[in-house]
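A quick write-up on the structure given underneath.
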């Protein structure tokens, strides 16, 4: 049996120690196996972050393939079945062990005390600290980290330094059941199925199947109850109506001359409301829902810069053009306006629209131009919309042509 | 290569000739405007006028020395630089005060750097360019006005008008083809209002008809708050939102915990 | 190994033993309890990555419970009047206002909110690292395909859960994200508008959407996550953990530490350290400062609006995808549909099916308990590198605006680099990785055949120089080896124990990586291998 070979090779060859071939070249080993470069450390090379203290070095990053990283069993001979392990100890090992153990105990206790300090710190900061102060959250976090980390480091050091290390071996058992088990189970199910009589009674079987299928229809109920608002044509329209004044998010109606050349303003519809006495007032307050599809940018270009699309020659007014602010790609508000190049950039996916050319999409994932809002100025000098957008604003959808 | 340079040079020369002729026209027009202005301008005290004239004279001397090679001897502009007639003193104070002008090297956009002129010189330059007529004047923002400004209202205006480019935290963001909206961390309240009024480079103009002076001051106050207020909840990670957060989660969070795994999995020699 | 006295019943039990007996009288726990306490887990550090995800989840639940006590999931508009001055008097939803209150007016509110968010980032990140470990070592092979599927499900649900949480505070950033989500739902062919209207209750921004999202975030998805995590761990426990080949390790055993006490101690210590790391991040590094983003307003947006990192690759794919919108017959399939629904659909389907595809193409129908090194499965490692590089290009493109600003690169150049990169980088990554793996395999063969180079040059009498090679040694273990059951029960058991114990195990002990090579050659029969300690034959 090859067991002897496996378990007791430990006398002569300390260092076939993982690591790259370059490492080995740098630390040559004599053919006999003794390290040529001197230093007993040849075997603790490898990806090591922390050189050991007296109480043993640690090997960080156990190599994934341990067959390639023989460790020298200089001190421990493996236990045979039922026997006790025979340990070859260097002289004074007992004394060294005892000191190392005491040091480890103190270290573990230190970390547990760190945790107590952290917990106390957390509680004190929580009740005494000033919630608005800049130090509050960092102190809380730091104290909590001490409270948790102290116990964590303590336990792990305890396990690593004070608990016995072992190679416990456990059998794996195949999951597949024996053939007779399988046969018996299959037979049980088959007999039970025969007892139900489903195979013999097609009427019962078919009506049950039918009832089950129809029952599935119940799923539709909660699903459709999620909304009372059918899509219908909702996506085709916005809040803009003929004669709606342009109002800013602050509630200011925009007048001709308010904006300088090269200016941009986000505007919403102020819908005209006819009072009982016949006067018309404009509702400057815009709800969240109206903002979501009616947001529009009003840009003032220098005279002659605009190149209107055919049929839209009168949609601009004195160099002012208005386009939907909702990106035709994914619906973000497009509003990074470069006043020199007249590009509108969407901050979400970086589609670029050319304002001078009817807000045509010239870069990025958007494929449609931003819809244009036809604007005019009423007799009081306020900007008004001539009508709603002539196409759906925002991202495209299946029903859109 | 040299052919191309030559042809480009020829084209430039013809442009220059054309510019020169238009510059003559412009000069005549300017002279006429100047005479008219001199005739009709409101008179201050003699001392003020003398001071102002002195500043304009000194500013012109500085201008000829530092700016005229690109913007032209009479600020009429050149093929590399725009005309400064009508840009106003606010634009000069902003561009020179933030060190963007004089331009070190042409690029997609002028970078903010330490100004090479002191404030007196900048004021003289601004006075000279301002004397060319038109354009927004350098705003005066007193600390009292800043104190009175409504911070929350400034924040709302900032989010509505500025955040789309300069980012909600004022850290700046890129525009197309190498241009960018700069970080606002170093901008003074005066510079912020100047930028709104003059629309430097890619920035749109926000005139007083859109955002009045009180609102502009409030925005400036909010921008200063963004860069000066202590950050709640630890380091702000460059105020760049989820990208540095994700990076930190991977490098420090996952990296650190993997190091802990290595340590726990390391074998303690017995 | 210490000797253990033969078991006898303690006559006057202490409180712990008393409790144990009380439970046992009712449930009969002793055999099962002993079996589980003695369960062996292998020691390799990379087997703890999955634990990070588990502990992050626990911390997410704990901090999440704290946050639910203060968060008010409501769309109702209120005027803020808390202690954060720059938002005083601003109209906002109650969800946003209560998040501000958690951040500024609740004791330990901000630190737990930030820990919660960091834990979410770490939860998904550690799932991804764990997935990579499982993938590159072939741990998903039979009999563990079901756990792989559950893992992929956990990843997808984790991403969804994270997105729902990111969207809850109703700030400008989360609102922008939800707006895009609504557009994506709307882009589905045929049912898109209905899907969007059902999810958001009407046209964006919908009616009372936040309570709905809240239920998804704190009940629905976490419930499923919890159930799946339970199943994942239960299956792991039942099937036993895989291990790398090593001294004495075979397809039929597990070698390592027992659950009690060492493994349990290390794991609970690790939980504490994960918590400590998250507490540090939550305290010292600001995350999602919703107060600087402001309340959501559909007309406003901030530049550099980014999702959290795990959505970043979808943001990137959306940015890179060309403006290809299909129109015809009165219908439209928007460009946003392909990179946000079809692409991740394909990616996650491929990921889920990978074990089955691999088994099909390699014809490997065996069960495997020993892992492979990445180099030993060069094609798989190549595929993995390809997938990672593709993902990375998308991921970087998701932050291309921030990168462009930080490093002064043109945004358009970044976009084009991403578009070209996501096509040409993955094949390059594949071929380079595969070449490296094959090279490393060659090096292993070299060592196996000729031994390890010593760097010592001898001159032969003929004048020829040769380098001395040292034979590769058979591997040995460096810890005491102990049987699993310290305390045997009954004499009959003892013989059984002996039979299945070290004697038999030793017969099966594997040496060298030759076993693996034989597996590679389609002869995965580790049982027959051990009798040839090949390394010593030189």
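Going by the order they are written in, the chains are A, B and C; count residues from 1 in each one.
Heads up, the rule we're going with is that a residue touches a chain if its C-beta (ideal position, glycine included) is under 8 Å from a C-beta of that chain, and two chains touch if they have at least 3 such contacts.
Bear in mind that the values here come from a model prediction, so they are computed numbers and not experimental data.
K.L.:
By raw count of C-beta pairs in contact, what's the busiest chain pair here?
P.N.:
A-C
K.L.:
Averaging the CA atoms per chain, pick out the one whose centre lands closest to the mean of every protein CA shown.
P.N.:
Ranked by how close its C-alpha centre lies to the overall one, first comes A.
K.L.:
Roughly how far is chain A from chain C, centre to centre by C-alpha average, rounded to an integer in Å?
P.N.:
Roughly 12 Å separates the two chain centres.
K.L.:
Please compute the C-alpha centroid of chain A, do the same for chain B, then give the distance between them in whole Å.
P.N.:
37
K.L.:
What is the distance in Å between the mean C-alpha positions of chain B and chain C?
P.N.:
47
K.L.:
Two or more other chains in contact with one residue: find those residues in chain B.
P.N.:
Within chain B, the residues that touch at least two other chains are 156, 160, 164-165, 173, 175-176, 181, 231-234, 262, 264-267, 269-270.
K.L.:
When you check chain C against every other chain, which residues touch at least two of them?
P.N.:
If we look for residues of chain C contacting two or more partner chains, we find 43-46, 104, 110-111, 114, 266, 269-270, 273, 277, 281-284, 297, 299-305, 401, 411-412, 478-480.
K.L.:
In chain A, which residues are in touch with two or more of the other chains?
P.N.:
Within chain A, the residues that touch at least two other chains are 61-62, 76, 132, 137-138, 141, 156, 160, 164-165, 249, 266, 333, 335-336, 347, 363.
K.L.:
Going by the contact rule at the top, pick out the chain A residues touching chain C in the complex.
P.N.:
1-3, 5-7, 9-10, 13, 16, 21, 24-25, 28-31, 33, 36, 61-62, 64-73, 76, 78-82, 84-85, 126-127, 131-132, 136-142, 144-149, 151-156, 158-160, 163-172, 174-175, 223-224, 226-231, 234-235, 249, 266, 268, 288-289, 291-293, 295, 325, 329-333, 335-336, 347-351, 361, 363-368, 394-401
K.L.:
Of all residues in chain A, which touch chain B in the complex?
P.N.:
49-50, 52, 56-62, 75-76, 132, 134, 137-138, 141, 156, 160-161, 164-165, 248-250, 255, 257-266, 299, 333, 335-341, 343, 345, 347, 352, 363
K.L.:
Inside the complex, what are the residues of chain C that reach chain B?
P.N.:
43-49, 52, 85-90, 103-104, 110-111, 114, 118, 121-122, 125-126, 129, 172-173, 266, 269-270, 273-274, 277-278, 281-289, 291-294, 297, 299-309, 312, 399, 401-406, 408-412, 478-480
K.L.:
Using the touch definition from the top, list the residues of chain B that touch chain A in their complex.
P.N.:
The contact residues of chain B facing chain A are 156-157, 160-161, 164-165, 173, 175-176, 179, 181, 199, 201-207, 209-210, 230-234, 259, 262-270.
K.L.:
Under the touch definition given earlier, write down the residues of chain B that touch chain C in their complex.
P.N.:
Chain B residues touching chain C: 108, 151-153, 155-156, 159-160, 163-169, 171-178, 180-181, 222, 225-226, 229, 231-237, 239-250, 252-254, 256-258, 260-262, 264-267, 269-270.
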